[in-house]
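There are two complexes below, and they share subunit A, which is joined by subunit B in the first and by subunit C in the second.
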Partner chain A sequence: MTDLAVHFEGVGKKYRHFTLDDIHLELPTGSIMGFIGPNGAGKSTTIRILMGLVHQDRGSVRVLGHAMPKDQALAKQQIGFVSEDLRLYKTATLAWHMGFIRSIYPTWDQAYAEQLLRRFDLKAEQRIKGISHGQRVKAALLLVLARRPRLLVLDEPTTGLDPVARQEVLGELMEVLADDERTILFSSHNTLDVEQISDQITFIDQGRIIDTGDKEGFLDRWRRIRLDVPAEVAPPVLPGVMKAGGSGRLPVVTTNRFEPAMAAAYQHAGVTVLAVEPMTLEEIFVANVHWRREGGIS
Partner chain B sequence: MNHAMVQRLIYKDWYFNRFAITAYVAAGLLSLVALALGGEAGFYAGSILLITVLVAVGAHMAMIAVTERRDQTLAFVMTLPISTLEYTTAKIVGNLMIFFAAWTTLLVGTVAVIAGRQALPDGLIPFAIVVLFQLFAGYCLMLSVALVSESQGWTIGALVLGNLLLNGVIFAVSNAPGVGANMKSDSIVWSQPIVGVLWAEVAAILFLLGLTFYLQTRKTDFL
Partner chain C sequence: MDMHSHLVISKADGRPMYLQIMEQIKQRIAVGDWPRGEEIPSIRQLAVALRVSVITVKRAYYELEREGVIVTQHGKGSTVADGADVSPRLWDQELAQHLDQVVRLGTLLGLTPEQLESRLRDAANRFTEESS
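After this line comes the complex of A and B, so read on.
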């Protein structure tokens, strides 16, 4: 049985205008999951439930072997959480925050913290209210990384960062990934960021998980096929074709179950395959969301 | 219960409010000086300043719970290895300690000033204690509402209600049979109305604190 760092089973949470519905989520230890969804899809609610900050109405959540929210204090010893919703004390310095966190977590690595200070170009004596948004995110990341948590939960950490700061943050995360025991859940609506660091992908939309799997699997399975269909030919309906667009003679079909045999089947039916194009994670995500909203089922 | 963690959170609140606490204690001591040295004007000025300081320190401390959510530092605190109960304990105990330090100083000071000044009859002491306990109860109401609702509006509402109740208690107790005359006497008299109101205030304080713990442990959303 795979060792799971995070395990959601049938989790639901109902608000007046939003429902998180029947969430099943498995994050194996040592993996990096990109958690992708549009704004308001339920990413942050799912993560808050994972952290014990919001209690689920139904279903069970286990994080690093601890039942949530009941054993949240134990679980949070080993979780590092950075979120857009989280702020440090603006009247205190970063040095104060470092001392505060060090006093709580015995795993605090001071040498690594100082290394991160230099790498992120942060000044420990500077007050939080005097630093930029990018520096605040880096400061929060420093406070989390220097604890060396077993599970890193990052809720939209790169939102609002300039390209340089974003690359610095992502670069540091890449380095952290060198540790095989570290597990990361990275939520974002920026698929480019997620694509860079994740090996697992989960899509969420309208409070439901719509697809999950390993990143390479997604990139291998999804294709856009450009066809040339003569007037007298009816293109065959092949399994796995999710969407047909484009003009009448030159349709473009999208599939989530591409096999080379598909191209052969089109050609056999008298349809010319002009191109078989790989799709980016963003294109896969958008196509997946639209397909599910139109009632598509895997 | 992780006592070390609770202590750290209390220390954190004290650290962030150290200047405000110092200022309130200084203002409280100033009110005692006015009570001790001033004439009739000093007595009234000192009394008003004393009540104002206690209301202000209570409101200030209660609002910290509200601003933690507004400033999004509550998320930072709640991601630390603490449970809901530990957070609530730290907030209530930390807040109570700060208020209690100021309140006790002023309680002792007030009693000492009344007992020490010839111009002030000792019969005022039970009445002063009732007023100070009412301020404590009003503070507990505000703290309870602030923690449970995390709303500035509701907390201000609780502040207004607490002040109305304070004035109501002052009016009711000073006009209760026999109390007015006792206040002007040189001996301390624990009359039935005074003792009854004091017990009611203590019960209200305990009820509000217990209710806050109960409601906080049932809370399901901390962000």
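After this line comes the complex of A and C, so read on.
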């Protein structure tokens, strides 16, 4: 028995205009991973490989202990996947979809499904084509949640939702996590959602994982430091300091390896530290992407 | 018991979420909402109720345990520490934060520590006069 729900090792996939390169991912059972990247970064390709929908050229993928894509039939019994295109039949009602899924998956929980109908403010008798985008997203989520899968894989689940619907969805994802045997991986470019509920965070850009780790670690390591550098003083070059902004006398540096000793090192060199500021996940993500694109290594 | 639903996390508050959780738990304990020796929500229960990451609540509990405010027994959950001495500590922390802020502003204004000291004494005198 493994305690990793998802494990990618050295996974690669080459397309004509895009390469997914050397992907390593570890998602412990019982946690949520937010998978963040700009459009076209490789989020959906990675998720498709995870689901066995796209076959990797190299590397190994294990999902709930099953080798992918070889054992995908077994794995998929226990995975709930909501893709961006939702895959609902427009002319059918939500009730029809519920009956259909129920007939395929023995783990379907009808009482929970009815609870979700109320919490998501959905009507089972409505046809999919007659409801809004937000309601379709919630309908698709209901259909996978009520199966109580051990792993939920959600491609951009909160994109296009209004604030009320977003909080309903995030709340429901947290309810899933009340059971520590269940695991969620969701991709998003909404860093606020990821910051709120994720335990693990992975940044992807241009087909490569540029950073991965637990959220608290991320938020702890990154700081923006505002300095006051007198004209005659040359500011020291400290490890992990990546970007200088601001004007000549008042530079602002960003670091991904903050420790209190850094402030002391600046003071020691005659530089005044005006402020040490925590950064939001969004700021960390953008700084990280720019830094890596300019050739930075950790 | 639905005692965790009282905590409310602010997203506009600039401080990290784990610090907000710590502070609110200390306040519950200080006012007696969460009595000493009493069991408190599990990490997962509180995370679900607040809709924040399990790892964030775990961090808050870990820090609270290090401060001696709660006791976590592996596999048994967490309780408020018998000797949890919360209120003075809470004010003390707030004071430390304000002092840091004073020093920062003082540095910006180019004040020496001696000048800061005398300003602080002035403020203390003013406060005594006003409240007498």
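Worth pointing out:
In this section, the second predicted complex is superposed on the first by the 296 of 298 C-alpha atoms of A that agree within 3 Å, B and C clash if a C-alpha of one lies under 4 Å from a C-alpha of the other, contacts with A are read in each partner's own complex, and residues count from 1 in each chain.
Heads up, the rule we're going with is that a residue touches a chain if its C-beta (ideal position, glycine included) is under 8 Å from a C-beta of that chain, and two chains touch if they have at least 3 such contacts.
Nothing here was measured: the structure is a model prediction, and the numbers come from that model.
Judged by the touch definition given at the top, the superposed model places A:M68 against neither subunit B nor subunit C.
In the superposition on chain A, A:L281 contacts neither subunit B nor subunit C. Contact with neither subunit B nor subunit C is seen for A:L50 once the two complexes are overlaid on the shared chain. After overlaying the two complexes on the shared chain, residue contacts for A:L219 are found with subunit C alone; subunit B is out of touch.
When the two structures are aligned on the shared chain, A:I210 is found in touch with neither subunit B nor subunit C. Common to the subunit B-facing and subunit C-facing surfaces of subunit A is no residue whatsoever. Subunit A makes touch with subunit C in their complex at residues 30-32, 167, 170-171, 174-175, 177-178, 180, 192, 196-200, 214-216, 219, 272, 274-275, 278.
Listing the residues of subunit C that touch subunit A in their complex gives 11, 14, 16, 18, 44-45, 47-48, 51-56, 59, 104, 107-108.
Residues of subunit A that touch subunit B in their complex: 48, 51-55, 69, 72-74, 76-77, 79, 81, 83, 85-92, 100, 103-105. If you check the complex, the residues on subunit B that touch subunit A are 2, 5, 8, 12, 16, 71-73, 75-76, 78-84, 86, 220-223.
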